[in-house]
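Read through the structures below before going on.
Heads up, the next two complexes both have subunit A, just with different partners, subunit B and then subunit C.
After this line comes the complex of A and B, so read on.
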């Protein structure tokens, strides 16, 4: 299937660049987490999970709302899969409660959680059953009449565009087709909550992008709440309405993709999502205009200026996070004496529409700057060993306290 | 050249130690018994020349085979062997499946130890192990002593020299041949399949019948053949543990050879036994082939 047919309805024909803004709010103003009157469909309440001495999930409290496409993001071993498996019922929390639809399901076995279904990493398709029997498996467990099963199976297979493979065995299918069978098998049960454990991890990059759109389409069409576990930040940014970034069993930040990218709360989150340059410094002044003056830990005496946040004190160590695309790179020294770093170009990566510049600053840091190769540039091209200045606006950096 | 040698060795082995002996046995089965050394006639002698051999081939006939088919003793011995082998195979499966299942579900670090326990009996001679069962099963044996002391029974059970003892002996002796292929197929099953079944609303015992059991069928088939095929021709166990009522073709064959000294009939019995077994052996090969193909 093609990308354009994957994007249905309102989004048809939108350029890839619009993806993020669309998915961050599937319907305009879709932000139930901001509405205190809404009750979440899923609530983790002070959930801790230990395996022996290892704390996989550390006292997590998290609300997920109906129709959300919620991503649990983090490196392997951060506890994201454990959290998902507790929702499915395969792991029992050591402490705390899992509440779904106001009902405490902490002690329910997986087969008793009829409104939650999971799509497994590497799919876990039954190798001895045809595609059709795989998809109908969950319905047969309910003792549903045969014709109704047939109808629901056809429906689910049509949803993932898999109809003509009904009588094949899983090993006769390609990876992408298997992934769709796994999706159809879970969705055939019409769960209220769908769990996806690294659902696209086994696909190559091109197929993965298509599959992401398909997941989004299916999530919107069925109105199911999706919870996805992934270590791929791009994937999380693409599909999710909100992302929870996890680190060592704790939630680092739970926000929309846009907020996570533009306003990370810690160096960990900033570094995990996309490329970022982190610069350390000390607070020297807090002018009344709501900015903060910072002296870099190592530098030429120029100060950095950023938008202040609450709870800052003179002398405190802070970090500035600047995305590569926020830098303005030039061969001439800028007039302003604020937010300027001088350096030498180590490397240039030409990527067609944009170029990456790895700059070795006078202070001894390596930073990455990014510049769009817009046409008709009259400037001389920046090249290796050029001395350059990097400058960024006061509001383009994010001040991080941890 | 070296490649051919590698391929040739097993074939030479088969020809020397299976095919040639088989043709000798087959030839004897077509001969007449006689009180002489060897106890059959004609005897081919290549030094007497081609004409003599041609004349002697004319003396061969299938009379012993028609004799075997006409005498009810042999057909019932074949049928009884097949029945005893089939029943013991089924009993072995019933005992081996839970064992293999337990092994496959045991913690990883335990599995090699459990595997060793299954193989451990092979370290003792098969014959000695069967003899040991006599000590357990006889009227004044360990089993009866135990049951009498516990007060479960007041009279010793007669197990020794019955078909029951033969079943016990076969099930015991061939258990590892069932456990090992079962374990191999159960151990291969991805645990996530069972999680998926549970997630889709199937309680664990239903998931067993819908997922684990069908996926272990190749192991069941392999194990059943590995037990059934040798059990049909079993001689030692019915001879040592069974009584006069236990009719098995291996025993008949033995008494034909050593008691009656009727080599041609004994050879004909052996050839027919081979034919009887070829069907399940071919079936086994076919099942193995299919399992390999299903596993990609």
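After this line comes the complex of A and C, so read on.
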């Protein structure tokens, strides 16, 4: 259908690749947050929002730069939607300021924030208007001449490939089409900042993936700054230039998707993004080569080695996070003796291209390892109840202090 | 299938309908009676209907009733919609429970009390009783019904649609007239129809609040019945019944058509998407 044709188009086809290079190597590409001379387009300054006794947003300071695709990620109730609604003007901060383009907009009503538009969860289309009138609504409020409105509406509808539905009412459209009307309605105003509140939550998985790439294409074509709220970590990883992981009204970490995945700063972030194995231990030595020796809290006395970070002390409690794909799983005991865990296979999940192994370690932990099925053999080399060794490189684990 | 028409169900429905409609049916039948005696059938005739046109008093009363109903229903709908908006939208505010209780109290207040209190008020402020006092009184007592109808619609109204309008630059007033009102229009219209009907057949409150200059149809009918029921009364009552029946039929037909259309469109959209 129309969505898939967008994916095949040249603009959409190159967009994901561009973005990946951007996130994987932020220094070489788009990274305004690393440039101290840049002023952010959006600045939350010590913003707190309380609803009665409940603190929804707890003293957040955050900068978002022009042309970013910024994701606010977290479970429901973490304050991400409240933060977005303060930007749109639907909630007023209890304390702090919201600054856009250097102007304090904390006290402006939503209809006075002409350069910010929002795409709502479940779309909030006007049921009594045709698609065309829905898209033109914001322009009519500005008192724009009719021909100009017509032109801008056509432009916006072409951008989301909705042209032939102009005279339908929202209830005559499918979910995916409604989502695009909602997008066109906000984009028709040509805002500098576009807010998206769980924009794809109501779509099924396949459609959602297509729509994510479409959002990225539109963001790049229009050069608008996008701020998206989502609880879907895969969605945030796919679309965002930077992700803010939120937890109980606070920012846990603000980084590129790559950094969030490879270098999480806390157990919360590590566990929220992707699958991870967390092992607790104590620092026993800090050799001069920049590594750290850790004895696991429960284990056979073997030592774990990891790359050290600042501010470590002997005897300190730390956690090692290892992604399932970083393990090497084998039936023979590895020679190195460092970063090795022995266990028994509890469960094997065969997914075709890869297999998941749930391993019950001798120390009593459940660990998940992942292995690509690169050989052709139908027989699984490793099976239930096998004794296996899991090994990982020193630089493949992340040391977490909290 | 066979259970649906069991003797019990059939008896129940026949008895139910008989209880509801036999009195009305008798009234309608006797309006076509040739005899002047209401209880004796003297052959078919429509002379009482023709006679109505010439009965100036009765026609005057009917015209007054319609005007009262129209103006008071409009006032009640505006006020009731505003009250419903406050109740649904403003969330918690000090005195909210008291406010909502006071709006809905007239629903259960005996009409005699409402009528008497309004009469006392009009006397106290020295307001000339007549057409406008009936209008005000009717607006007062039908407003709560209008508020209930509109409130029911507003409480399942998606607030985000209004937020979307404001986000797109519409002021609160523009949002109300361009988005909220068109969406809740069907319930506002039913609120108006309900208020109109209630005003049309009210006898008690109108009797309390009127003066010598204005007489409504129910008052006229009531005073004539005290002198003896004439087939003329039957005739005008039959017209009123027809009036109401046609109105209800049109309203329900429109609702049904709209529901069917929305359902059909939705199915078509789903089919097109797959």
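Everything below uses one rule, namely that the second predicted complex is superposed on the first by the 369 of 402 C-alpha atoms of A that agree within 3 Å, B and C clash if a C-alpha of one lies under 4 Å from a C-alpha of the other, contacts with A are read in each partner's own complex, and residues count from 1 in each chain.
Criterion: a contact is a pair of C-beta atoms (placed from the backbone, for glycine too) under 8 Å apart; a residue touches a chain by one contact, two chains touch by 3 or more.
This one's a predicted model, so the numbers in the text were calculated from it and none came from an experiment.
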Side-by-side fit of subunit B and subunit C on subunit A, or clash: clash
Partner chain(s) touched by A:177 [first = subunit B, second = subunit C, both, neither]: second
Subunit A residues touched by each partner, larger count belonging to subunit B or subunit C: C
Touching partner for A:110 - first (subunit B), second (subunit C), both, neither: both
Which of subunit B and subunit C A:142 touches, first, second, both or neither: both
Footprint overlap on subunit A, where subunit B in one structure and subunit C in the other make contact: 88-90, 109-111, 114, 116-118, 120-122, 124-128, 137-138, 141-142, 171, 185-186, 189
Footprint of subunit A on subunit C - complex, ascending: 158, 160-161, 163-172, 174, 178-179, 182-183, 262, 265-266, 268-270, 272-273
Touching residues (chain side subunit B, partner subunit A) in the complex: 190, 192-193, 195-204, 206, 210-211, 214-215, 296
List of subunit A residues in touch with subunit B within their complex: 88-90, 109-111, 114, 116-118, 120-122, 124-128, 137-138, 141-142, 171, 185-186, 189
Contacting residues of subunit A [partner subunit C, same complex]: 88-90, 109-111, 114, 116-118, 120-122, 124-128, 137-138, 141-142, 169, 171-177, 185-186, 189
